[in-house]
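Before I ask anything, let me first share the structure, which is written out below as structure tokens.
We just call them A, B and C in the order they show up, numbering each chain from 1.
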Amino acid sequence: MAAEARARRLALRPGLALPALAFLLMLGAIIAAEPRVASYFGLTVLLGFAMPAIFAALAQMAVIAAGDIDLGIGPFLSLVNCIAATWLTDRPAAGLAALAGLVALYAAMGALIHARALPAIVVTLGASFVWLGLAILVLPTPGGAAPAWLAAVAAWRPPLLPLPLLVGLLAGAAAEWLLMRGAYGVVLRGIGGNPRAVARGGWSLLRARMSLYAAAGLAGVLGGLALTGLDTSGDATVGGQYTLVSIAAVIVGGGEFTGGVVSPAGAVLGAFIMLLTGSLLSFLDVSTDWQLSAQGGILILVLAARALRRRGRA
Amino acid sequence: MKPISYIGRAATVAVLALACGLSGAATPARAGGRSTAQDGIALSNSYAGNGWRQQMLKMWNGAAGYATHHHIIARTKVVNSNNSATQQASQIADLTLQGWKAIVIDAASPTALNGVIAQACAAHIVVVVFDSLATAPCAYKVAYNYVSMGEMEANYVAKRLGGKGNVLEVRGIAGTSVDHDIHEGIVKGFAKYPAIKLVGSVHGNWTQSIAQKEVAGLLPSLPPVQAVVTQGGDGYGTYAAFKAAGRPTPLIIMGNRQDELALWQKLASAPGGYQTFSLSSAPGVSSIAFWVAQQILAGAKVPHTVNVPLLVIRQNELAAWLKAVPAGGVSTPLYSQKWTEELIAANLSGKAPPASPIPTGMP
Amino acid sequence: MNPQPAEAFARLEGVAKSFGAVRALAGVDLAVPPGRMLGLVGHNGAGKSTLMQILAGALAPDRGSIRIAGRDETRGWDVRRAHGLGVRCVFQELSLCPNLTVAENARIMHPALSGWGWRRRARALMRAALDALFPGHGIDPDRQVGSLPVGQRQMVETARAFSETDTAVRLVILDEPTSSLDAAAAANLLAYTERARARGIACVFISHRLHEILGHADEVVVLRDGQVASASPAAGLSEAALVERMGEVRGEEEPGATAATSRSGARRLSRPARASLGERFGIDVRAGEVVGLSGLAGHGQREFLLAAFAAAGHGGRAAHGEGAVAVHGSAAHVSGDRQNDGIFPLWSIGRNTTIGLIRRLARAGILPLRAEAALAARWREALSIRAPDIETPILSLSGGNQQKVLVARAFATEADLILFDDPLRGVDVGTKRELYHHVRAAAAAGRAFLWYTTENAELVHCDRVYVFARGVVTDQIPRAELTEERVIRASFATPADLSRHGG
């Protein structure tokens, strides 16, 4: 009875089956094309660059949960990358303080959007230029070096599970637990669904939105650190494409642009899927010039499939 | 500046000779003794959106196609990213898994690929970077000395202006090592001439349309400009912006695009004439990088950095080069395996590099 | 008023609230004794919902005091405080998050549902509350609320209001709780409120179904224009008496010029009666007539206007089958919601007037500006739009004058049939008078008007009024027989009433 109820709850989670199936199919196709991928080393190399995308997707998901959208997460990752490759290496205390300050800035951005009833799409677009400008100030030309410990973490080979899968599992589980299972997480998702209902429950909408944005900032910092560990250096323009990749990952993972419908596990799967889209083409020997079109195509396919399913249900 | 005159003469000779550069040049996997007939060499290119890069890809295909046809290597593949370092990094990770023996890289960032390059080296893959370099220590570098390119431009301009005047700088894609090095050379070169002022700088991204737009946007705020230092691919756009603004045409350093050379020819044959020179990196450098990778795989002794001479075209050689470059093309030689072996030998011995082969326009 | 003031659980005194220039409440006294149910009735805009939002802590009053359980709570009265003292509210627009499950929505209301195992407790809480109110409800607490039909959502919201964690429920406000429930569920709810009252829980019950109020409330308060019109025990009251108290005396205004009463003009619009819905009246509009649409807001009038407009745009007939609207001639539509679907905010008065005519004015694809300007100027003159000239930006006008521009646009199209969707909402009296006059004049010139209004006083300008209830025409009232009472009675008519009256 309890197991059945749990199974039903899992099945009811917005479209988790679809991204999971897509991920496994793509992985299977790549392994079929190149069997050596199906090894500890192969998966580590293939999925390595999913790590920053996973955190970027989770950051984007926190903002989308509030019914907003974040157009600045990519440049934000660049900024974290530049700080991590310079200050965090030379003056760890100052570096950590700067990263904590960035999380606070994200929370303040949430407060601004709430208090002035500004459209998040405009505020975060403006912020994206601020992040980029700060990143160039911190590191005008590409260079710097990741702290040794960070590079070591990124190169760490954990037992049993390749690092990218382990990171995806842990980050996804933590986000699931906080946002989907936790008592306050329900309130946070509620503001994306019906803010007035949450306010009439006596909750502070300001505090809820600030919490979500702070969580986004924290995930963005983790994503920037993961990127730094992989690249072992800093570059002010390196994160640009994560804005669109993160949005696509959330949507492919079963999230919706409006209404607070999100899925942390889906966002993690979405990040893997967006990465594998490019790899799959490469392994199938299709020109990489198709990669952007393929990623866009997958997004449209997912949305179309979802619309069809919804119509079927209605 | 000895190498310049040397290359200039060599090019002229080559053009006039119109001899076949490749015939009988290569013998399969000669140097070092190890056969590379079963190996694959892949190219990871950061950006394919301008004429130079398109020509570079054609030159790669020319060299790699020749090599596969003659069973020097087994296969090749080209992967382009959209000027995104992270996309290119994950593409290199994919190539690492696909079993390529060597990966040749034109990098989107001098640093952001270092992690993934180290990963490839650790998997015993030969990594060769060229044009836009990456700084990863384990990678072989096929390098133009772009700092010296900037210095040569600065010296030429200073000489022509008599050590005094206003200069506009048109730069390439921000954040790349090429742009960084040329700029550094220009600043270094002009440091010797305090009366020459750099009055402005824009990023033309080595693309005529972007250079035109950017220069046109900046011009109204500038004092009279006597000369423009460029990075190639941006000379025609710069000229168009000056013309549209009704300003007198300044001294513009030209690159090696056909439209730039044709413009130069037109201005030179008009009353009053026009004098400048063309200094550029040849897109054919991809073929050098290919052969360098092949030589390393074959076990040949190759220095960690292979320096490649810049392509210089002077006023008296202009007509000959123009003939060899089709409309819309970029002038470049296709370098052969033999030529590359000579280049490597020259690098090892510290001697002058071999003469440039005949330019092939290749539409 | 209430004879037992000392015992009241909740007591509001002199509560007033205005939204901008609109006065919603003008000093209301209300006392809710424990264990009793107070019925609250009134016409649209009488202030019922505003009053209840103030009692629930969702709105702060401008003036007046709030006493709960004998203590003055006026300062710091908000939703949290209200919950803490056991005051709950089922709002008219549902207050559920559609993206959360039933159990998660319980969490939104109960801060005490937190910590380890809160999910299990929330599920049990909602299951118990639903079982108590709606036996056999069949609602899974893990279902997403957005995937439930609206009736079940209403059940969830109502059950949630009666659920208890750390504080006891003392007062539940039910704002139209039965509007989307079926008969069985509504009966369940009302029966449950009887049991709740026996436990000392007070209720405030708002409903347009007067028989429900009369059948279950202990006391009935009638609100009219933001004031208490009457308060008396439910026993001995009749529906007719309530309707009379809700309505007001006939508008003082005399009907305009002589009306074109004869129904001889060309037919402009027709819709046959839909017998399958129990409808006895077809709709018929002829040239020269002004026909009113009335009834409570949201009962199908707006949809009918849009269907008529669509029919005019599609060769006269929008859909086939029963109840298809047929329109003969051209139609123009004027919306009262000018900000959302009326004006072009960046354009001038002139361009806003002539936009509907561009195609007709154009010569070979070119717009003759002079002719356009002349036309706009003529209509500005005709409707006396107060602006220096037609080049004035429309946003510099007052709301009433903006609305005039929209009416001018409809008139300028020379359409045969003009559809008014409550166009004079929020317009001052002077402007209204002018426009009534213009409508009359245009009708006399052969135009036909179909006019939906939420202000019953405006109906006196119509030759004939159709009253809507639940999407069905429940009465057709010629002007000579028009009384507010009859309009209200038809507004509250149910399908059962229709069949009872017979054909």
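Quick note on the criterion: contacts are C-beta pairs under 8 Å (C-beta built on N, C-alpha and C of every residue); 3 or more make two chains touch, one makes a residue touch a chain.
Just so you know, these numbers come straight off a predicted model, no measurement behind them.
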Far-end chain from chain B, centres as C-alpha averages: C
Chain at the geometric heart of the assembly (C-alpha centres): A
Centroid distance [mean C-alpha coordinates] between chain B and chain A, Å: 38
Length of the line joining the C-alpha centres of chain A and chain C, rounded to whole Å: 44
Chain B and chain C, separation of their C-alpha mean positions in angstrom: 73
Multi-chain contact residues (two or more partners), chain C: none
Chain A contact footprint on chain C (complex, rising order): 56, 58, 78-80, 83, 89, 91, 94-100, 104-105, 107-109, 111, 113-115, 118-119, 142-144, 146
Chain A residues touching chain B - in the complex, by the definition given at the top: 34, 36-37, 41-42, 45-46, 48-49, 52, 85, 141-144, 151, 154, 227, 229-242, 275, 278-279, 282-283, 285, 287-289, 291-292
Touching residues (chain side chain B, partner chain A) in the complex: 48, 77, 79-82, 84-87, 89-91, 93-99, 109-116, 118-119, 123, 135, 174-175, 177, 180
Parts of chain A lying in touch with chain C, wherever the complex brings them together: 5, 8-9, 12, 181, 183-184, 186-187, 189-190, 192-194, 196-203, 259-261
